[in-house]
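Got some structures for you, see below.
There are two complexes below, and they share subunit A, which is joined by subunit B in the first and by subunit C in the second.
Coming up: the complex of A and B.
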């Protein structure tokens, strides 16, 4: 049997107060349980996305590295590095947050990464098409990696929220509600006991008065 | 926001070609962690791309560093040698903790 809440007086007022508390706790418990279930459903949806995202990012990177190695072979590592330094910078990412069941998850938005050969910024006279290929592959890989980052962070945040919701559900279910109910029962029994005691007292007094 | 790469030489060169200018070539996981610390201090870094080989060695420190903030995001990518076998798969671990059962992803 669960512990009682300490320092409660067995009075009718307390009993009424406790009864509303039990009702509230039960309502909260039900809502949290619903939240947990909904979160888990969302979690699985995003998990599906994440699987694809990681595979895709890895495949894109594999292609990109293969292309880079070819470029280095055809132009030399030093020249490729020089071109990499000469390449124009992308504008960076825009970041927002959106909310899934009250969990704020990030949204990353990358401006169009694919550029034409001329836009990239390195000279065309002494570079090979392998370099263009490598740059194009890495631009694709970058987009996939940004997507991956967003999805994986969302999963992490959702998992954290699920964990804490689960903990709260369990705390209510296994600790708070049994404790409240045990206390309600205790007060009821005490009140009944006091009533019987009183009743018996009156009987005794009545008997004593009549005996006189 | 800025994108930043902390990785080996080839990865940094590759992403430079794609237009990510901020690349740091690091030799050791410790150096990578130091760089990451610096980047976290700057407010306008949105995404840090790091190779799995580095992240796997400094995972707990890196996670502590990023725990309380929404940015930057850290993403691990395989380097030119391909994906590595990790001691614990962080995604799998997350799923196990959240749902309570092991679910095979992949």
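Coming up: the complex of A and C.
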């Protein structure tokens, strides 16, 4: 049997109060369980997305670094580094949040994904097509990495929320509701006992009066 | 101690739906905006993905764009609809969801089930929101 709530008076008033609390606790438990299930569903949805995103980011980065090695082989490491310094800044990332059941998850959007050779900013006269290829590959990789960052951060935030919701559900299910129900049962038993005691007392008094 | 626990519990129940919109906005209105967003009850701003809005616009005839109010609520209530069942309310909302899930839509209410909720959330992550309700006692 679960523990009783300490310091409870076995009165009808207290019994009514406790019954209301049991109702509230059960309602809360039901709703929180629904929230937990929905969060888990979201988590698995994003997890599936993450698997694809990680694979894609790794593949894009592998291709990009392979293209970079070719560019360095054709132009030399120093020249490629010079071109990298000459290149215009990478495109901006717009960040905002969306809400999944109160969890603020980030949304990252690259403002422009691919640029033309002229837009990149390095000179065309002394660079090779391998460098253009490497830059294009890195632009693709950047988009994949940004998507991966969004998904992985969302997973972490959702996992945290699932953990706290689960803890609340378990506390209600295993501690609070059993304790309340045990206390309600105890008060009912005590009230019945008191009623029987009073009845017996009255019977005794009646018998004593009749005996006089 | 117990009272404090119950105050906290009541607070949690109240805050379950604080991620819902203060006011829904129509698809037509949102499509005109550069950064389509709505204000939530918790005071935060929720942005819609433009690609999603465009997808919705394609699914619905143009004369119904004003009738589709976003976000679409996925209403969960295990004591009313049963566990794992959700309700979509509104004519335009039902049409859009039914087209995504390849279901038939009759009337202003559509009931969908867990695997379908998953598909719907995957297709429309920013334009749908969960709503938790309970039966009035």
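Quick notes
Going forward, the second predicted complex is superposed on the first by the 211 of 212 C-alpha atoms of A that agree within 3 Å, B and C clash if a C-alpha of one lies under 4 Å from a C-alpha of the other, contacts with A are read in each partner's own complex, and residues count from 1 in each chain.
The definition used in the following text is that a contact is a pair of C-beta atoms (placed from the backbone, for glycine too) under 8 Å apart; a residue touches a chain by one contact, two chains touch by 3 or more.
This structure is a prediction, so every number in the text was calculated from the model and none was measured.
With subunit A as the common reference, subunit B sits beside subunit C without any clash.
Of the two partner chains placed around the shared chain by superposition, subunit B is the only one that A:88 touches, whereas subunit C remains out of contact.
Of the two partner chains placed by superposition, only subunit B is touched by A:69; subunit C is not.
Judged by the touch definition given at the top, the superposed model places A:42 against subunit C, while subunit B stays out of reach.
In the superposition on chain A, A:5 contacts subunit C only, with no contact to subunit B.
Of the two partner chains placed around the shared chain by superposition, subunit B is the only one that A:135 touches, whereas subunit C remains out of contact. Judged by the touch definition given at the top, the superposed model places A:32 against subunit C, while subunit B stays out of reach.
In the overlay built on the shared chain, the residue A:155 is in contact with subunit B alone; subunit C does not reach it.
Set against each other, subunit B and subunit C differ in how many residues of subunit A they touch, and the higher count belongs to B.
Of the two partner chains placed by superposition, subunit B and subunit C are both touched by A:104. Between subunit B and subunit C, the smallest C-alpha to C-alpha distance in the superposed model amounts to 14 Å. Across the superposed pair, subunit B and subunit C both touch subunit A at residues 97, 104. Note for the complex: subunit A touches subunit B at residues 40, 43, 47, 50-51, 54, 57-58, 61-62, 64-65, 68-69, 80-81, 83-85, 87-90, 92-95, 97, 104, 106, 108, 113, 115, 120, 131, 134-135, 138-139, 141-142, 145-146, 148-150, 152-153, 155-156, 158-159, 162-163. Across the interface of their complex, subunit C is touched by residues 5, 21, 23-25, 27-28, 30-35, 37-38, 41-42, 44-45, 96-102, 104, 107, 168, 172, 176 of subunit A. In the complex of the two chains, the subunit B residues touching subunit A come out as 1-3, 10, 13-21, 46-47, 49, 70-71, 73-75, 77-80, 82-83, 91, 94-95, 97-99, 105-106. Residues of subunit C touching subunit A in their complex: 2, 5-6, 9-10, 12-13, 15-16, 18-19, 35, 37, 40, 42, 44-47, 49, 76-79, 84, 114, 117-118, 121-122, 125-126, 129-130, 132, 134, 137.
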